[in-house]
Structure formats: structure tokens, C-alpha cells
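Order of writing sets the chain letters: A, B, C and D. Residues in each chain are counted from 1.
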Amino acid sequence: MLIVMRDGCSPQDVDRVIDRLRQMSADGQVAELSGRTVIGVDPPGAIAGPDALDGLAGVERVVVLADPHPLARREGREGRTVVVVGDVRVGGGRPVLIAGPCAVEGEQALCSLARTLKAAGADLLRGGALKPRSSPYSFQGIGLDGYRMLGRAREVSGLPVVSEVLDEASLEAAREHVDVLQVGARNMHNYALLKKVARAGRPVLLKRGMTATLHEWMLAAEYVLEAGNPAVILCERGIRTFSGHSRFTLDLSVVPAIREASHLPVIVDPSHATGFRSRVPAMARAALASGADGIMLEVHADPRQALSDGRQALLPEQFAALAAELRALSAALDSARETVP
Amino acid sequence: MLIVMRDGCSPQDVDRVIDRLRQMSADGQVAELSGRTVIGVDPPGAIAGPDALDGLAGVERVVVLADPHPLARREGREGRTVVVVGDVRVGGGRPVLIAGPCAVEGEQALCSLARTLKAAGADLLRGGALKPRSSPYSFQGIGLDGYRMLGRAREVSGLPVVSEVLDEASLEAAREHVDVLQVGARNMHNYALLKKVARAGRPVLLKRGMTATLHEWMLAAEYVLEAGNPAVILCERGIRTFSGHSRFTLDLSVVPAIREASHLPVIVDPSHATGFRSRVPAMARAALASGADGIMLEVHADPRQALSDGRQALLPEQFAALAAELRALSAALDSARETVP
Amino acid sequence: MLIVMRDGCSPQDVDRVIDRLRQMSADGQVAELSGRTVIGVDPPGAIAGPDALDGLAGVERVVVLADPHPLARREGREGRTVVVVGDVRVGGGRPVLIAGPCAVEGEQALCSLARTLKAAGADLLRGGALKPRSSPYSFQGIGLDGYRMLGRAREVSGLPVVSEVLDEASLEAAREHVDVLQVGARNMHNYALLKKVARAGRPVLLKRGMTATLHEWMLAAEYVLEAGNPAVILCERGIRTFSGHSRFTLDLSVVPAIREASHLPVIVDPSHATGFRSRVPAMARAALASGADGIMLEVHADPRQALSDGRQALLPEQFAALAAELRALSAALDSARETVP
Amino acid sequence: MLIVMRDGCSPQDVDRVIDRLRQMSADGQVAELSGRTVIGVDPPGAIAGPDALDGLAGVERVVVLADPHPLARREGREGRTVVVVGDVRVGGGRPVLIAGPCAVEGEQALCSLARTLKAAGADLLRGGALKPRSSPYSFQGIGLDGYRMLGRAREVSGLPVVSEVLDEASLEAAREHVDVLQVGARNMHNYALLKKVARAGRPVLLKRGMTATLHEWMLAAEYVLEAGNPAVILCERGIRTFSGHSRFTLDLSVVPAIREASHLPVIVDPSHATGFRSRVPAMARAALASGADGIMLEVHADPRQALSDGRQALLPEQFAALAAELRALSAALDSARETVP
């Protein structure tokens, strides 16, 4: 930690800072740099935050040097993390396509759709057994039995399964049938849940909170990593802004930003962000072009009858066409990326 | 639900809408109003959302008429709700003052502070046993034993106690010692938790999520009300915006807005929103002037040594002075409110 | 305009609405639809806004039906607008590449860069003579002579020129030398300027304000269109949000949204939005993939010496590589778009 | 400027930074502080921004020390600025009440309202001759003759007049009749206008842009101050956020924040922010309680007939009651502020 003193501070101001540091079993190294007195805290990690210097006259700024996310950051690591789910490698170069209904609505429909999606090129199946809904009067999901149905759909289609968990009961039920445990945007700040999910021995798909900064998102990942689970997939799904033309504002520029900051793979969910089926293909293409390691798409055999979020779901044939297109685009981008760094 | 057709739609467009409604066991009443064809869905609640009309040519707009929060809304009710906690009435006209440390740090310090706060005019004691922190490396709270300490502080001070719960285990531990169960801003969208807290037989203090609209906040309250718990206290604590001069942007205009929309009492937490001790008194005054039913303030006997959020905590003597001032201000506002509606 | 009455309103409430309408030389048509009384205002455009009904008991909602942007909207038009600038067609299918320095810094450097950009595949040259800077102490641009330098660079390179104007004096100076007049994000709401620029007889590049909704952006375009100038190019350049990892949040999902809503061509400026050179290529690719009609990029021969925004400028060789890549990507997207609607 | 090197950087990294500084006619002072190599730039102001160090290996962070708003900042000044307008002192302790219609609609109505407002306790009259409206089809103001009408209303009422200017023509017309020149929120970033207004020899009321940070707002004030005009009144009028219950989110916590940062007086406009008459009194009270030096209110004799923003205008009798109340509240706050710092 560095303490930059104001222009024109008094020697007494400097002494009082040193005294405060000594009260906290630290010491201060003083240097004159760029016309200012700068005090370095020694040893470096002795003081946790800038609050410790509160109220001291003459202090202009406190510069914290410690890295807040030592496990999620890219710096100091060789290469990026690949999360392996069955035969699927998330972050391994080839973008993964995750597809399925917003909510599981029944075993037969789910199994049938899963087979269709597999044939159309999906790598993973998504589907919610429990749905966190803004209103208590909205459909809350089919319940814990939905996880079993997802397990059945995995059997018949061969697709590994991603599904959201909300609490201990759902985590318990999901563990048996689900390959990747999803923590939804509304629970990204639910640290009690993050700690429990981390210990479940499954890869975790961590959606960005609708109001989370990149830094907070990495810290949420840090909760999982710190608990000993290295298999974290980040997922951008739109942030909340004033801009009302879409449900959320898909922040695609976070993709290159987080690829610089973290070694973890990052995928994008354009369905929830746009909220309109007609705009999903454009944003899926854009997500891939921004460097995402995968795309997560809602697909429903009959969106008009969907129990939740039907308006944003693609039809199976639309997914098949988009999947083919995204594969072609990915190849085009690969050759492009070889040209420009 | 009303379906407004585009200017110049064809009779076939109207027929297709009616057909769609009939597929859903509803019917459509057609009227020509203001140069447009308007279709009323009959019976009124037959169709859940606008998605059901997706993809139909000629539809310009769907107007949903159902009230999304029948239990939280003010309309149709006599008077506003008063939440009773021991001798304290939240929403009963006299503003309540809730004060205490961000985190419980030890039994003795807490009991001593509680007595001081009681003497200074506090109505309720606040304190966190578990702290949801952005970083896994920050102090996470003293643990479940903190609830017992709060119970002890209640005994010695006579102040009823408010404390946050995070999951089933903390809810279980808190029930015995805590008078008001707090759901924090980061958990406002954690509907699994809301349902469990609602059934614990205690008043609930529901903080507004940092990204929640007024509508979503009322829906979160609706989860508690719908589960049979009528004792909900709303708490504004700042929303996330681009404006970086404070930790969050305290949205005081939500106070008159929610007083129009809901019968539930609403309090304000200026400590978390501003993040700086020096600005807390101004915003506490402003919150009271905006019509809040209470103010929640962080107080710490030695903020520089606080294990979390010390920078925003008032000193006990600052609290005492502010409490006296707020009482005087409240009296001035009462006479003022009699003059202007 | 439709007036939806509350459930349970009285006949007197309805009568008072009709009376109010009659005071304003309009009338009301009453229908019972979906369990509510709905009143249509006749003639349709008689009442400008919902304010006219303020304070009337029993009114639940006022639905305004008039289209707010009759000239910018897509509905009712055949095809999309192509803005022709010399040999360049913006919105004509082939994406345009606009490149150049943030600020004009001197004639020779500009002419040399323009020739390099032309050779590398740029379609238009950009450069600011006057720079609206947040601080009065920052470089404010080379001044009105910069427009002449741009004209000279046009001559030597053959590239048409885009440059921002700020007021009458700069508009006067720019008209002689500049092909496309840019209204910057900070002036999108400067309607006095929009009206003057509209009448200058040049295509207008209208940047989205950093806080503008899609609707407000279209209304700003409407100012230009309504003044008789049909040649408007929209430009997304990032909006202001809480998300601090980039200077602004590039709202790429506005591209498909505005292509649905408006017939005007839309381009994207990823340089200002991201603020970091390293992330510009990813966002340029994503912008193209989202459906943009063009990309606007900052390029500087020596970004470290740039007088403004050097940190986000590409080097000429980076631009050349990116331009080649974007051309290849565009071809890949074209074949893709033929497959998926 | 300080350059903090990464943990583990090489001596060559340090040398390259020093070389870069020397290329820019500066030098570097090296110190080891808190486990890091820190380089101070000498002389202090030699390098304008962090961009100059871009691309250098081993640089972790650049800390800019120069104060960006030397004229607007509070530090180093005795007391706060009082802006004198006739007999009225803005920032002089007694809060000023500014009232009037959104738009000037005619001479007689304006003069009559001005007399009423004067009698009710207003200190200044506000009214727009030209209205910057989002839509070209909305009422754009009565035109330049409106300034003359305001001058006439000043004569008959004795109230000094505040009115917005949009460009050179309106500035010219306003100078003769208007006491305080207002720069509206949409023009806060219009630096060309700020420079012209600054030189008009009148106090300037500078509204905060709806997307402006505190820092940018102070920089806009710095444009006026730097041009030699010390009489700047800041005005908070709401920022744009996701929170849709009000037109804008009134950021009252900016009042204590800017009082700490700047010596300029600050007032609040609750009418534009809330957008609803019923919530204006609560927010006017709150604004006063937050420490504002004045309140700006829209008043209209017949809001339902108002040509713009009638929905948020108070009736004259509502203003009279609110003015009396705010005076009483101000007295209560004065005694309160003496108690608590």
C-alpha cells in the first residue's frame, strides 16, 4: 500500500501517518517523488484497506497494491483454463453451443428436444428445473424432479447437462443428474450458495450478476476457486442499464476484457439479454466474434406455449441453421485471428 | 389484456388474433377506438403474457391490465401497514432509528454499544453475524454465534434486534435471538430465501436490490406477503449507477413513489449508500424529509478498527447528536406536512 | 390515444373524462373490453399527451398511439436507406470502414496517414478539427484550419472526409471541406445544432448520446430528417453504465434493434467505447457480426504521441490487418446470413 | 505522476520507463516502497496522461497527481462562493427559491404568475423561451421574444430572472433581459456553448448533465471559471439510471459530495427529476435537508393546459404552501446543523 500525501502537507502530518502505521504493527518508508511525499507501508500486506488511514490530515490518496483475485487472474499463469465436461472442452478453442429450453416442462418433450439439439450440433443441454422468477405468481419451475428428467435427456441424447441450482435442496437433487451446476445472475452475489456449489465436485457455470462489475464477477469466481474447485465457466448475460430496447444490455466488450484479466473460459447468453427471438442470431454471431468460448441459447419446440420466456426462444430449426452458421463463422474467425493479434 | 392493432391492419390480421385467442380457450371482443381496432381478451385473465401473441401480423401493442402485486399495493386498502416490533411501531408516524455496527465483533463491545445507542435514542439495534462480502478474503462475519450475542445485547439494552440471514442454517440460528430478519440487497432476488424467511414468523426487513426497479422490489415483498407474512419493512439502500462519487446512488425519490404504490412502511439506510461518514448526516436528514418511516445507521465505537465498512460508521457521539437532530427535524416536518399535502 | 379506466371506476369517472376531452375539442368513444371501460380519443390526434388527463379519478392508464418518429421508422417503407458519399454507399450491403486520427494534428501527418489508410482499405477518412473535451485544460483541437487540412487530405488520398462540427462557426468552416458532418455524442441532444447541421446540404453522421435511449436517438435523427435532409448515418459509440472495465459500454444489441425500428444505416465506433487498443479488434469484429453497416476506427501513426485518446488508437499496420480481416469476415457473414434469417 | 511497477519487474523494465520519460524531456526518481519499485516523474507536470507509458512492460499502474479542477475545487480556499443576483445571494446561507413555468407561454400570464410567485416567497423567476425537446414535433418554446417577456415580468414583479440559452442567437437575445443564464442538462457537455456563455457577464446556472459524473460536472464549471466568470451556480436535476419510477433519479447525495469538493453553490430541481407533481414537495424537502443552497420548482397557473411538462408543475397555491414550509424547515435545519457537524 502506498500513501500519497497532499502537496504542502506538514512534517507533522507525515509523522501522524507513521504513528498510525506503527499502532497497526507496520512501518512506513518515506520517499519524495514527483513533488510529493509518498509513504510505502512495510510489510506490504500489513494494512487491509484504506479505511485504516481515515481521518488523518494531509493524506491525499491511498493506493492499494494487493491483487484482489489471485486465483482468477490471468497474470502469472501459462495459458487459459479448459473446463472439461464429458467430451466437451469449454475454452479449448472450438466454441461450445449450449442449447435447451428455459424451463424443463416434461420428460418426453425434453428428451425429444435434446435429441433434436444433439443432431443440430449442440454440445451441451441446458434447462431449468427451478426458475427464480420476479413474481411469486409466475411459473416457478417443474420442481426437483426436473433434474431427473434432465438426467434422462442426457441418457437419450448423449448431451451433458447444465442446470441452475438455488439452494441446498436443489443442489442435492441436481448433483446426481447434472454435469454443470449453474449459478444464475440473481445469485451471483449469494456467497453462501457459491461456497456450497463449489464443493459439489462439478464444474460451475457462473452467470454475471446483472449489476456486477468485472471485478465483482471475478471475485465471485474467486469464491469457487478458493474452495478448491478450479472448473469455473463465466457467462455474460446482460447488465442492467437505462437502455430499454432490450431486456438487459449485453456487455460484449467484457469478453475481451475478461480474457485479458482472467484465465477462465467465458461464454455468452444472448437469449436472456435481448429478450427477443429476432435479435438472438445477430447477438450470437457478435458474441462469437467478440471472442467468446461458447454460446448459450434458449430453444423451445413451441415457444408460444412455453411456460417461461417463450418470446426469446429459438425454434429447433432456427437453432439448427444458426448452429451451422456459427460453426462456419468460427472457422472464418480462426483464420482471421491468426492474422491480427 | 388489450391488443391494439396497427393502423391499416387487415380484417385477416384481426381474424388471426381471434383464432389464436380461441386456441387458448379465450375469446376476443373487437372495438374501433381512436382510429384503431382494439381487441379485448375475454375472460380478462385468460392469457398470461404478451408472448402468446408473438409473431402475429398487424399487432402493434399488447396492454397487460392485471395488477402484478395485489398484496403489496396500496390501492384498495385503508391506511398503511404498521409493523410492530416489541414496543416499536414501524410506519406508525414516529420515525424509527435503527443503529448498530456493520458486523458483530464480540459480545462485550456489542452490549456496551447497545446500551449507549439505547441511551442516545435508538429504537432498534442492528448488527451482522454473517456478512456477505464481495471477496472471499474479506472478513465474513463472526459466525452463527453472533446471533446469540445480539440476543444478549437485546437483553441488556432492551432494544429489539435486526439481523441479516443468508440461508437455512443462519435462519435457524437467528430465529431464537433476532426480532426482525433482514434480507440483504444481494439476496433480494434470492426467492428461495425469501420464501423460507417469510415462514419464520418474524417481521422481515427487505432491502432493495442494488439493481431492482420499484416493481421488482414490490414483487420481492409479494413473495413474503403471499407466504402469509404481512410484516414487511422495505429499506432503500442505494442503487448502482454510473455516478461514482458515492458507493451507491441513494434513490430517495423512491420513498414518495413507494408510499404512493404500496401500504408497506419504508426506511432508508444512508450509511451503505454514501460509504462516507461525513455525508451520512446530510442523507439521513434528507431521507427523513423525503417521508421515510425510519433511518438505519451504522455506528461503531472505534470505526478505524472496524472489521468491515468502518469508513461509513458514525461514532456513538455523532449518532447521539444526529438522533437528537432527527427527532427535532421530524417534529418540524410533521407540522410542515400538515400544511402541504 | 386510449384511456383505460380502473377496474370498478364509476360512471361519473367516465363522464368526467369525456367532459375533459370535450373541453379540448375532442370526443370519447366508450367500449367495454376485457373487463374494463376503454375510451378512445376521437379524432385520434386531438390530445398531445397523457398530461391532459392528469388528476382525473378512475384513470388507470393512457395509451398513446401516435408514432413518434414517422420519418425515421422502418415500418411502411420499402427497403433501407443508402447514404451515398462520393463513391461510397453506406448501408448498401458492403460494410464501410471509416478510419483516421482522433484529432487532426497537422497537414503533413494527416495527408500521409490518409494515403496509408486508403491503401489499407479505408473507405472514408475521419479526423477532428475541434475536439469537445471534458476538461478546459485538455487539447481542444487544432482549430478551424483543421477542416482545410482534411480537405487537403481528401485531395491527396481520394478518401471522402467525416468531421465533427460544434457550432455555427465550425459548421461554416467545415462545409467547404467535409463530406459528412458529424454530430458527436455530447451534442446529440443539442437540437439547436441538429437543425443547423440538417440544412447544410451534407450527409450527417449522428452519434448516439452516451445516455440516449433508442427512441431518443431516433428522435434526434427525426430532427435532421424533418428539416429535409434524408442522409442520416447513425453511429453507436457506447453508453454510460456502471460497468467500469471500458470507457463506455458498447451496446451492440442496439444494432439489430435499430435495424428493426429504422431504415437508416447504422455504424459502430468501437474505439471510443472500449478505450483500449487491445480490445478494439474484438469489438470491431463483433460489431460487424451484429449487422453494422460500417465500422469507425481511430488510427494514429504514433499513438503514444497523440494529442488526444492515443490509448485507443490502432497503429496503421494494425488497421491494415484488421481491415483485411473484416473484409473476410463480412464475406463469411454474408453467406451465413443467407442461411439464417 | 507516479509509476508503480509490477511485483517482479526487471531492472530493464525500469530502465525502459526512465528512457521513455527522457524522450519526453522528463526524468524519473526511483524508490523502493512497500515491496514495489515506484518511479516519480520529475518535474511533476511533465507528462499529461498515463497514455505516455502505454505498452511498456512491467508497468502496473500510473497514478496521476495533478488536480483536474483547480478553480472549482474547495481545497485551498477560504469559505464558499456566494453568487449575487440583485438582492438575492445564492450560497449565502438562506436557501433561495426559484419558481416559474417550464416554458414562457405569453406575456400576460407570465407577468401575472410572477407577481403571485413573488408574493408567495419566490426569490427568482424561471421560465424557458426556447425549450430543447426530444422530439421535433413537440412545442419548441415561444421563441426569442420570450426573453423580452421575462424582462417584462421582472419589471412588474421585481424578481430577477433565470432562463436557458441554447446558442449564440439566444444568448444574444437573452443578455438584455435575463439575470442568470442557464445551461441545461442536455448542453452541459456543449463546451462551445459554455465558453460563450461564460463571457456574457452574467451568473451562470449550470445544470448537471443527466449522465455526468461529479468530476465532469466540475470540469464543465471549470470551463466557465477558466474563462473569467466566477459566478457559477450548480444545479442537480436527476441522472439517468435503470430506475423507471421517476423520469430521472434525483442524486441528492451529490449535494454533500459537491459541497466537500467545490466552493460553488449548489441547488436542486426536483420537478424535472421526479416528473410527477405529487412527489415534488417530498423531494424539495429532502433537497433542502441534504444541504442544497436553493430549490428550483416548476409552477404553472393551469398545469393541464401547459404546453410542456405540465404533469410536474405545482399550482401557485401549492407553491405558496410549499415555500412557507421550506422556510420553516430551513430554520429547523439551521438549528440542527449547529448541533451536528
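By definition in this document, a contact is a pair of C-beta atoms (placed from the backbone, for glycine too) under 8 Å apart; a residue touches a chain by one contact, two chains touch by 3 or more.
Since we're looking at a predicted model, the values are computed, not measured.
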Farthest-lying chain, centroid of Cα atoms versus that of chain B: C
B-C against A-C, pair bridged by the larger set of C-beta contacts: A-C
Intercentroid distance (Cα basis), chain B paired with chain A, Å: 27
CA centroid of chain B to CA centroid of chain C, Å: 38
Whole-Å separation of chain centres (CA-atom averages), chain A against chain C: 31
Chain C, residues touching no fewer than two other chains: 211, 240-242
Contact footprint of chain A on chain C as seen in their complex: 211, 213-215, 239, 241-246, 249-258, 260-261, 270, 273-274, 278-279, 281-283, 285-291, 318, 321-322, 324-325, 328-329, 332-333, 335-336, 339-341
In the complex with chain A, residue positions of chain B that touch it: 50-52, 54-55, 68-69, 130, 132-137, 140, 166-168, 170, 186-187, 189-193, 209-211, 216, 219-220, 222-223, 226-227, 240, 277, 303-304, 306, 310-311
Of all residues in chain B, those that touch chain C in their complex: 1-2, 4, 7, 29, 31-36, 38-44, 60-61, 63, 65, 240-242
